[in-house]
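Next up: the structures, one after another.
In the two assemblies presented below, chain A is common to both, partnered first by chain B and then by chain C.
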Partner chain A sequence: MHNGGPHGHHVDLLERSSEEAAGEVLGWTERTGPAYLLVVLVLAAVAALGVVGFAMKAADGGLDSHHPWGYLAAALAFIMTTSLSAPLVAIAPRFGKAHWNRYVSRIAETWSVVGLLSILIMVPLLLTLPSAEHRQTLLMYNKVAEGWPVGAPHLYVALVLVFTAINGFGLLWASAIPDFALAKSRVGGLRGALYSKLALGWVGTKRQWRALRAGLGVLGALYFIFIVWSHTTISFDFGQSLVPGLRDSVFPAWQALGGIQAALATVIVTSFVVRMFGGFKEYIGVNQFWSMAKLMLASSLLWMYFWWSGFIIYWYAKTPQAQDFLQLMWFGPYRTIFIITIICNFALVLGILMWNPVRKSILGPTIVSCLIIFGAFLDKIRIYVGFYSVEEYTGHILQEVPEAVPPGLGDGLMVAGVIGGALLLYTLAIKFVPIFNLWEIREGSMLQVIRPFKRLPLKILAKPE
Partner chain B sequence: MQLRPALTERDINRDLLRPVLATPIWFYFLLGGLAIGVCTAIGGFAWAVNHGTGVYGINRPVMWGFLLVNFVFWVGISHAGVMLSAILRLSNAEWRRPATRAAEVLTIFALGTAALHPVFHTGRPWRIYWSMPPGYDFGRGIWPDVRSPFVWDPTAISTYLTGTTLFVILLLIPDLAVLRDRSSGLMQKVYGFLSMGWKGNTRQWKLQIIAGFLLSALILPVFVSVHSIVSWDFAVQIAVEGWHATIFAPYFVIGAVHSGVAGVISVLALLRWMFRWENYIRDDHFDALARLMIVVATAWFYFLVIEFFLGIYPAEEPEISLRTLQVFEWPFNATFIVFLLMGYFVPVPLWLFRRVRQNVALMFWTTLMVNIGMWLERFIIIIPSLMRKQPLTFSWGSYNPSPIELILVAGSFCLVFLGVLTFSKFFPIIPLADAKEGVALETHVRVGKVMVPAAYREE
Partner chain C sequence: MAGRSVLGVFREVDEAVEAADKLKENGMDNFEVLSGTPFPEGAFGEKVANHRLYVWPLMGAMLGFSLALLVTAGTQLAYPLVTGGKPILALPAMFIIAYEGTMLGAIISTIIGVIFESRLPKAKLDLYDPRITEGYIGLVVVAPEGEAERVDALFKAANAADVQLEPAS
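Then we have the complex of A and B:
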């Protein structure tokens, strides 16, 4: 990155020709050194431990009841909120014609490979999810029209998650087509053949570019809709529908918003790792961290606002039922976890990121992102473990606030396995799909130039209409 | 690709000060027409004061009628000001420039008009005194209940009104100095006083820019709080079905932004037609605003769906009967369909097409449509819920608006537009300084054979 004019103004343009950048990025993609292999082995071992944990839980409690699986549901929600939401960081700025995202968009989109894992986790969760009979469901099929719609809620949860995963893969593939075409001419063997197949005969004609842009637009918009709907569905079917009487309409929207906040945090941390350990300091600069930090601060403020909007209604109502919900969700057995979540996802974010010099740094947003991811993890535990532990899930009134459920060995292994599995998929993917969106970077270099304004060299951002 | 017209500072002063310095005749006719509408509303209110609130259509159990629907509507419209001005200023969006002041001015008049509605509704304006700090009867130990949303409401609205007014005045200062230098007589003295000795030196500009950013950041929480608090007027009431929903605050805020930005687009289209400002309020500005509208409208629609489904999913009888009334029973069924079509299903698919986004007439009509839809949304939230408020069916009621209420609602529209037009007679409704800065920062970048519009960006 070019970091300077005579007045020290920050202007981030990659000081590389397209050829040099392509050589560097594709070379890195192909290389797999011992350190990389060690990381893969460790992650694979952790993921395998997750399978052991699952087997222990299945052997212990079986798949007859949903109650023992709260930690697995929390792990699913956690990877949905971090990994699977991450592609939003590529999609939204692309719609807004921003330029800063060009260096992190592939880092964000590659997280969509974790969709595969979400489908695997979904299977046992759906098997144990109680039928909608005698309980409230979003589609009320048991109340209004007996037996309709068929398969609710299981079928609909499965459809939403499968479509999200397919859409994510499609988005990653579509955005990588020009890069695959570039890579196929540089790489031989099986890898080259695969790139060639995936490039779909791309030569970069005007028609192909138009189709690519339209496709990215449609896939991006669909992904946005699917991921928001996934958060809504999961928070509903694996969450509040298991607590009788709980009708918290802001809850799904709050979870979706938490997804946007955690997505930014995930991409920031990943960008930091790629920058530090991948040797790409020239590619990912302060501007990327600064831009994402601003959005993360805004989403954290909104996160707190959404929480407050839900809280005040229960607190103000002060009915016995509302007080039970307050206990179950925030001030009862999971109070400590809740307080830590508020500190990590709001108080510290505001306290640290309100300062522009911290926002405009690499370490500041990265530390805050780690806090947010940790807070999001605890939040999912609090919600899903708490909701799964409600014994009587039919009827209209929460009869009793259950005690906190501490994790057993099986739970711990499962959660670690899910996180390890997600990281493993990502680590494998970045050695196949180039970690930087080369065509977007090249386009960015054509649309951003530095020219003097009066006596000051300033960046010019062009926005095609 | 069409290149933007090259405008000099002289052109900008001439074009944007034209309504202030050389007002056309039709302007006075329009002003007169609106003033007649306002006078009629004043007459209607005088009638209500004289005869009592019985002249309104409200009755048990529907004690909140058109006037409070209109109150929520105008508070919603007022959200455009900060949304466009503060958020886009903080995010350095170039396309904000022609829209900011119109949005801020619309905020002031919409909010002022909204604040009149509780006065109309109670029908006893002199009693307002007792609900304000000087009127509290502390001597007898009577204190306002700070836990009541009816105390939060005036506090939030008055803070927002004060903040927005300050915002407008602060950002007007450089333009007032230009007016001072181009007017004579009494007006020169007035502009000279208001411009507070502005000379445009470096220090003044620096202070002005810092103050603008600080006010932008400070006013954002107030902006969110205002409509949240209005929503809590409804949501904290546990006795009314359909209101006690946790999503109400963000749902109201995003709905307010939806209708507010639509209102600003309508006003911008009118300004462009009236003052022939094609070079300032350009097609690409409408395009950008329409893109923003697609996002806002879709977020609003998501909240609407969630609110509705989470309302009916426990399948409790009172809620089901309310939703049945809202969706399936005359006249609310028709209202509901019109609201959905106008609020989302007609305009948003149209905005997906660039040709529509860059067509001023279509943007005007579609945004007008959004506001009709959003007015109906507030109607559907308030009236049917009160009609089904009681658990026993024999206490259910109905509501028909009276002619006085209709006159007051129509008068409120006249009052807001009268305010905006009057403002545009005395002050530039497109900020001169912002327009000049935009022109100074505007440039082009050549990509192949194409010249792409671009802007300098200081970070």
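Then we have the complex of A and C:
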């Protein structure tokens, strides 16, 4: 990585030939040392504890009611807002023909493997989700015709998550085809055979590159549309439709925006781990963290604005019902959690990232990202556990603001298991799919060069149309 | 057109560009560039390859939308129970299912489109050199009858690292 320049001026460029980069990255992908195996074992054990927690809850409360499953719904929403949203960090800069994202795009896209886990978690949640009858779901059940649409909302919620997972896998596979083709010639055995199958005989003709570029663009756009829709559906059907009388059109949009904020945080933290513990300091530099930190600061300001827009409606309304909602969502039993969320997802983000030297560093954005992920976790607990605890979900008004529901042992194990399971899937995936998008990096090396301008080294970027 | 395929493998991009120029000077402008990196369109003076990938998501979306419309309208018309004075075919209630159907069609057809437009999978590789995935550039041209040896010489003159000729039939 070339660095230099006076007065904090910063330019960097990976100083590796394509052969060296391929050797390093593919070698790392194939290598599984004792430390890696230990991490896998620990994560597998935590994920197994999640299954134990689920069994405990199922044996205790059964699958007859949705009330005991608030923490599982919160865990699903949490992995959706972090892991499943992370590919957006690869998609959006690609649309803008940015160069900085080339070193983190695969790190972001690989998170789409967690789609498998979201489908698994969804099954018990759908089994316990009450019928759409007398609930305000998005699907207008019984509003047009008796019992129509058939299967609402369960079938359509399931389809949303399944489609998101298919889209995510499609995106990851398509972006990795050229790297699979490269890897198959370097790796033998079963792994080589798998790479060969997945590469489908890719040789890199102009037609193939054009189709790949266009395909990544379309799949990326569809993923963007669909993940926003997933947030909307989940926050509606597993969230506010369980609270009678709650009709908040800003809430789903706020949840989707939280997904964009947490996606950036997730990719920053993952990039930090890959850089520090994967030995890729030359690949991921300040430029990547700086670029993502700027977007994260902007999304955090928007996050706060969207929350405020939703909140002010109830606050101004001041009807007894609106006051009950204020209590349930923000100022009642979950007030402490709410205050910590605002501090983690807005106040500290603004207070720390407003300083350019911090924003333009590696550690600053990483620390802020950890805060955002923690805040997002608490936010999901507050929302979903709170909403799931409402006793009477039918009717027109909220009759009573329920007490806070502290987590039991089963809840704790389940939530830990879901997070452990998501990390386990990712940890396994990065030892099969190369952690860097090698063809994008090679292309970037062709299109970027550092040239002196008087006394200043400048990075010249080419953006062919 | 009958002819033999010739593959020239070049270590340096400039060498490949020079060879491509010579092919064009000799009236063989229908060559294919193979690379492990997506070079900008026209970097080798090659003809820009067309694709119809954008048609795939469009067609898939239309198919998905039509199916969703069929399912929603079909089920409503099959059980025409008027509820609350609402019309039997109420568009707001059909919107979400139509949206999901449209998206499913678009996603699946795009994935299929990427495969089809890339002309994949290929069970058997034509002339190819694994070094191309490592950064070498390949130029493939179908030389007219009796011209293969001339192309071979032309590639070698441009400092090709290797030249492969399709076996004569």
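Just so we're on the same page, the second predicted complex is superposed on the first by the 458 of 465 C-alpha atoms of A that agree within 3 Å, B and C clash if a C-alpha of one lies under 4 Å from a C-alpha of the other, contacts with A are read in each partner's own complex, and residues count from 1 in each chain.
One rule holds in what follows: a contact is a pair of C-beta atoms (placed from the backbone, for glycine too) under 8 Å apart; a residue touches a chain by one contact, two chains touch by 3 or more.
These figures come from a predicted structure and were not determined experimentally.
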Q) In the superposed arrangement, does A:Ala174 touch chain B (first), chain C (second), both or neither? A) second
Q: Scan A:Met446 for contacts with chain B and chain C and give back first, second, both or neither.
A: both
Q: Give one of first, second, both or neither to describe whether A:Phe306 is in contact with chain B, with chain C, with both, or with none.
A: first
Q.
By the touch definition at the top of the document, which applies to A:Ala253: first (chain B), second (chain C), both, or neither?
A. first
Q) After superposition on the shared chain, which partner residues are touched by A:Ile460: those of chain B (first), chain C (second), both, or neither? A) first
Q: In the overlay, answer first, second, both or neither for which of chain B and chain C A:Leu38 touches.
A: neither
Q) First (chain B), second (chain C), both or neither: which does A:Leu363 touch? A) neither
Q: Return first, second, both or neither, reflecting whether A:Leu120 touches chain B, chain C, both chains, or no partner chain.
A: neither
Q.
Does any part of chain A touch chain B in one structure and chain C in the other, and if so which residues?
A. 138-140, 143-144, 446, 464
Q | List of chain C residues in touch with chain A within their complex | A | 32-41, 46, 48-49, 51, 53-54, 56-57, 72, 75-76, 79-84, 86-88, 90, 92-93, 96-97, 99-100, 103-104, 106-108, 110-111, 113-115, 117-123, 125, 128, 130, 132-135, 138
Q: Going by the contact rule at the top, pick out the chain B residues touching chain A in the complex.
A: 1, 224, 228, 232, 235-236, 238, 244-250, 284, 287, 291, 302-303, 306-307, 309-316, 441, 443-445, 447, 450, 452-459
**Q.** Contact set on chain A toward chain C in their complex
**A.** 17-19, 22, 138-140, 142-150, 156, 159-160, 163, 166-167, 170, 174, 178, 181-182, 185, 200-215, 218-219, 222, 225-226, 229, 439, 442-443, 446, 464
**Q.** chain B-touching residues of chain A, taken from the complex the two chains share
**A.** 9-11, 95, 136-140, 143-144, 228, 232, 241, 245, 247-253, 287, 305-306, 309-310, 312-314, 316-317, 319, 396, 446-447, 449, 451, 453, 456, 458-465
